[in-house]
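Note that chain A is present in both complexes that follow, paired respectively with chain B and with chain C.
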Partner chain A sequence: MSEEPVVYTQNLQKIFKDFWRRPRARAVDGIDLTLHKGEVYGLLGPNGSGKSTTIKVLLGLLHPDGGEVKVLGKPPRDVEVKKRVGYLPEESYLYPYLDARETLRFYAALFGLHGAAREERIDELLEMVGLSHTGRRRVGEFSKGMARRIGLAQALINDPDLVILDEPTSGLDPLGTRQVKDIVSALAKKGKTVLLSSHLLADVEDVCERITILYGGKVQASGPIRELLQVANHLQIRIKDLDENQRTRLLDTLEEQLGQRPTLEPSRKDLESFFLEVVAQARRESGEGSGTREEGQLASFLMESAVEDESLKMVDRGTKL
Partner chain B sequence: MKLGGSFLPLAKLTCVEIPRQPALLLLSTTLILFIGSLPFLITHSLGEAGKLVRDSGMAMMFLGSLLLAVPAACNAVSTEIRRGTAGAILSKPVSRIRFLAAKFTGVSMVMLVFSAMATMAIIMADRAAAIEFQVGWRYLIPLYVAVISAYLIASLINFSTRRPFASTAFWCMAILIFGAFVWTAVIRELPGEVQAHAEIDGHQGHNHDAPHAPEPVPIKWALIPACALLTLAALMIQSLALLCALKLGVVPSLSVCSGFFLVGLMSDYLLAVRAEDALWAKIVYWILPNWQHFWMADALTGGGQVPWIYVAQAAVYALAWTGGILSIAFGIFDRMEVC
Partner chain C sequence: MRSILPIYKLTLRSILRERVALSMLALLALVLLLLPAGLETDGTIQGALRMHIRYSLGFSSFLLAAMTIWVSCAAVAGDLSSKRLQMVLTKPVSRTEIWWGKWLAVVTLVSCLLLICGGVTYLRIQRMIHAEGLSPDEKAKVYSQQLTSRRPVAPLKEDFSEKAKELADEQIASGAVPPSFPKDAVISEMKRLLLVGSYAASAGESASWTFQLKKPLQAGQTIQLGYEYDGSAMGVSQIPGVWKLGTEEATSVFIKETFETPYGEKVIPIQVSPEMAGAKILTLSFENLNKEGGRVFFKTDKGVRIFFQAGGFILNLFRALLLLSGLLAILAAIGVSAGSIFSLPVACYVSAVVLMLQAFSGIVEEVVEAGPEQRQEEQSVLSYGINQFQYRVYQGILIGLKPLQVESPLGRVSRGVLISPVELLKIFCLRFAPVILLISGGGILLFSKREIGASV
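Then we have the complex of A and B:
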């Protein structure tokens, strides 16, 4: 790609120091990242591997001790850069005494959004994250999942070009998790760049095209997820169900041709798909659950202007939080 | 600094958030009620009631500013840095200087409201203590009614609309104390007061054609510039509290500010003479806030006045000191890492 990268770091270093300015911990040690427009990039690693520190350097909250950092072509502390960035922190750092609408109104005002346009955007986002019914309930009284939802809404209030999501599915139920992943996919299809940090591997696998795995502040593996997950010397054949006779004949043929007898196992759903099916069935039978609502649509200002892509339409239809 | 950007929303939010802390409401209510109770606590003081009430009321206001400014500044800055809210805001298009300036402005607005409430309470208490061996209830009852009504109204609003109780009570109290102040300035007597005084006069053998209430006690307007000086001192304490709050929590910040408060009160005694000879003493004397410039209670004794030109000069001193402290705070915060 010839375009300037949305996020670029080279040999990024971050050392935390003690009171006497002596090195205490090397949190980030020579990380190289390059994110392009419209890409969903995963930052993986166990706790303390340097994911959040890297993100905070990209946001200009922490100062790098070495290397080069550019976000949208500029230093990360540039206020103009921040106008184009949306950030969901690891914890939803919200003002506990504000309600959901006041929270979004405040964050919108920081981006200079006012008047009817702001209110319209807030309505859409609240609807999208399923919190339009919370009224005057203070966000300090929200459950963790609800706080993540309002956190996600504030991260998208400025229709950002780069969305940085730190553990976006933490605290969400599987339904909410699936819907956040749908939103991420929809954002990428609109041309937004998404940097997603998580230690929930299934979440990353579902939505990311490329990943970097960190450990001890260093890059341990990096590249397209398909390539990284490919198991060498193993092949998989998918086929619709066969009766017993067909199975035996197939195995005999393969044994005869290959000189080894393969095994046959029935396909299995993953647990997430199964859970979503069960909940969808229960909802059809008994109506609404408690907490958040499900009628929300992806906010229109986040939608692609010319939605011709059929797959995007499908994602939009499915994205209800 | 462009005010229309993120500055106003941040300052406004700080101004809205701080009174939502129940501690601020409790502290300000206690201080106002304490000022309001001074006239009957000091009734039998042999001719010094007025002076004692004024001095004690102003001292309460000064000390109250310290006690309120530190937790307010810490809540606006150190708590937000620790909780991560500051990081979340600084990831938006908000410069660090703008963030801190907005926080200072928001805290100042709340402290200004407290100072206004305290000033009105002091004036009402001063009028209530003007007549020796008597309590001028006509000046105190409206103050108590204002405070109690504020709590009742806030309870009703909280019950019906779920608006936060503490902040509603704080703002209602400010409005109602202003109303009480205007009431006592305009209304000459309380219902039933005329009859009560007629009976007192009758027992004392006075011969009057018609019952009357005692003449209203004139408002001591000189208290306003005196309290304005204390408000300026409070502004200086806030800037110091904000600087401390960048690195410290409430208790260490309160300790540092209390230290400056005490040393500043004694700076003339401790350093004025030494400053003539020693350079170090001159520098320390110059740097330390000199609260004596802002304490004009003695000047009010015997009908004394505080000239507004003096207030203006003190304001220049206070703003210069505050500006210096804020510049240091801006410099530190700009280089600070916010997690």
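Then we have the complex of A and C:
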């Protein structure tokens, strides 16, 4: 790609020091990252591997001790950069005495959004994350999942070009998790860049094109997810509607040809798909549950021109659970 | 700077939701309502008014200062420890905007509370005056001496430099002062003694002062002679004397005999007679009629003054509250800066130390004025060095506290002494504003360098 990378780090270093300025821990040790426009990038690693530290450096909260960092072509602390970045931290650190609308109003005001445009955007985001009915209920009384949803809404309030999501699905039920993944995909379709950090590997696998796995502050593996997950010398054959007789004949033929008898297993849905089907059915039959409501349309300001894209339409349908 | 407003609004809401701040507000309300009932006065309406203004409102101001420390430190340090500021700092908001937004919110809140305290005190004073069953004369006295604002004119200061030098030389030559004693200290002490002497009248003798007025006196105009004995310097219960006020040509136009206790400020109202009209220089003398007793001492700072009517009480009270707000604004700046650099407990400790130093600045000033200790023959170099170091530390503290040293605004209001708008403006522009800018600059600089969310 000839375009300037959205996120670029080279040999990024971050050392935490003690009170006497002596090195205490090397949290990030020579990380190279390059994220391009419209890409969903996964940052994986166990606790203490340097994911959050890397993210905080990219957000300008921490200063790097070495290497180069550029976000949207500029140093991360540049105010112009911050105008184009959305961030959801690993915990939703919200002001507990504000309600959902007031929370979004506050963050919108920091981006200079005012008046009817701001209110319209807030309405859409609240509808999108299923919190439009919470009224004057304070954020401090929200469940963890609801707090994540409002956290996600605030991360998107400025229609950012780069969205950094730290454990976005933590605390969310499977419906919410599915919705977050759909939103991430929709953002990528619109040309937004998403950096996703998560412990839930299935979530990352579903939405990310490329990943980097960190351990001890160093890159352990990096590349397109399909290539990294490919297992050499293992093949999978998928066949629909075989009766018992056909199965036996197939196994006999393969045994004769290969010299070993393969095993046959029926194809299975993944648990998430099954769960979503069951809940969708239950909703159709009994109406709403408590807490969050059925999520609405993806916010229109996040769709814009890409709305004609067929795949985006599918995503849009997916959010109407 | 567009983000200052949302930060300001949010901080205001945040403070009003904090349990500690709300507890302090409740305590403030209790103090304001209940403390006056527990104050012991000297039995006079003047004393009761003075107590209400100085102590009831003064204690409320002290509580507000404590509240200012807490809310200003918590405004940033609290948000940092709860990690809410992490979210805010990822938005296009500069740390300068955060500092000023938080500071403005704290100052707005404490200033409003201070004005409310002032309003409640004023209403209470009015109620007292009307409930006390005072005679019209007494009421008039209260309104002309206390619930008013009067511009004080101090006597011309004599230059004792030459005389002090001569006396110092005499003392050194006569061997009354050890030769190792620094001459400057001797001269300084001589100056102090000469000043005290100029405000003292020996038995059967007089002390006199000259006043230079800005505008000539007008016939029929009422002025006040205000004086205060240095009661601590005398062992008498009643002082008989006679006051004489006049011009350079006629020194005894107004004569008044007095016989009174040496305690508290006394006021003699004087109606300007045609003989004094047009005068710009006044002479005042006090003759000590207590021929058997000792000398009479007046306070050397504000012991003898002439007052001119200069406005109403409410505006004067308002200006005093503004001065206090200015001091609270400096305290808020210290708190917000400390909260931007340190954790909440450390920030509160640092701010509280500054408040305590300010409260005890009088003691520090006395220590500095007394000068460094002289080295004794048997004293070790180390002990002498420590003493010198301590003295320099006190000097440094005093220099740092200088901008915060304002003559007690409530004390002045309680005595009906004018705080002029010009004086207020000067203090704000030349002392408070530069100090706040300096503290904010340092705080913002260190805050900008601070890393947020540093954890392994």
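By definition in this document, the second predicted complex is superposed on the first by the 316 of 321 C-alpha atoms of A that agree within 3 Å, B and C clash if a C-alpha of one lies under 4 Å from a C-alpha of the other, contacts with A are read in each partner's own complex, and residues count from 1 in each chain.
To be clear about the criterion, contacts are C-beta pairs under 8 Å (C-beta built on N, C-alpha and C of every residue); 3 or more make two chains touch, one makes a residue touch a chain.
As the structure is a prediction and not an experimental result, all values here were calculated from the model.
*Asks:* After the overlay on chain A, what do you see for chain B versus chain C, clash or fit?
*Replies:* Result for chain B and chain C: clash.
*Asks:* Considering only touches as defined above, state whether A:110 meets chain B (first), chain C (second), both or neither.
*Replies:* In the superposition, A:110 touches chain B and chain C alike.
*Asks:* Report for A:137: first if it touches chain B alone, second if chain C alone, otherwise both or neither.
*Replies:* After superposition on chain A, A:137 lies in contact with chain B alone.
*Asks:* According to the stated criteria, A:27 is in contact with first (chain B), second (chain C), both, or neither; which is it?
*Replies:* second
*Asks:* Contacts for A:261 in the overlay, against chain B (first) and chain C (second): which applies, first, second, both or neither?
*Replies:* A:261 contacts neither chain B nor chain C.
*Asks:* Applying the document's definition of touch, where does A:269 land relative to chain B and chain C: first, second, both, or neither?
*Replies:* After superposing on A, A:269 lies clear of both chain B and chain C.
*Asks:* Just to be sure I read the superposition right, which of the two partners does A:83 touch: chain B = first, chain C = second, or both, or neither?
*Replies:* Both: A:83 reaches chain B and chain C.
*Asks:* Out of 182-190, 236-244, 290-298 or 308-316, where does chain C run into chain B after the fit?
*Replies:* 308-316
*Asks:* Common interface residues of chain A with chain B and chain C?
*Replies:* Dual-contact residues (chain A): 56, 59-63, 79-80, 82-83, 85, 87, 89, 91, 93-95, 97-98, 106-107, 109-112, 158.
*Asks:* Flag every residue of chain A that touches chain C in the complex, lowest number first.
*Replies:* Touch list, chain A to chain C: 16, 24-25, 27, 48, 52, 56, 59-63, 79-80, 82-83, 85, 87, 89, 91, 93-95, 97-98, 106-107, 109-112, 154, 158.
*Asks:* What part of chain A is in contact with chain B in the complex they form?
*Replies:* On the chain A side, the touching residues are 56, 59-63, 79-80, 82-83, 85, 87, 89, 91, 93-95, 97-98, 106-107, 109-112, 135-138, 158.
*Asks:* Over in the complex, which chain C residues touch chain A? Could you list them?
*Replies:* 2-3, 5-6, 10, 13-14, 17, 82-84, 86-94, 451-456
*Asks:* For chain B, which residues are in contact with chain A within the complex?
*Replies:* Listed in rising order, the residues of chain B that touch chain A are 4-6, 8-10, 13, 17, 20, 83-85, 87-95, 161-164, 167, 335, 337-339.
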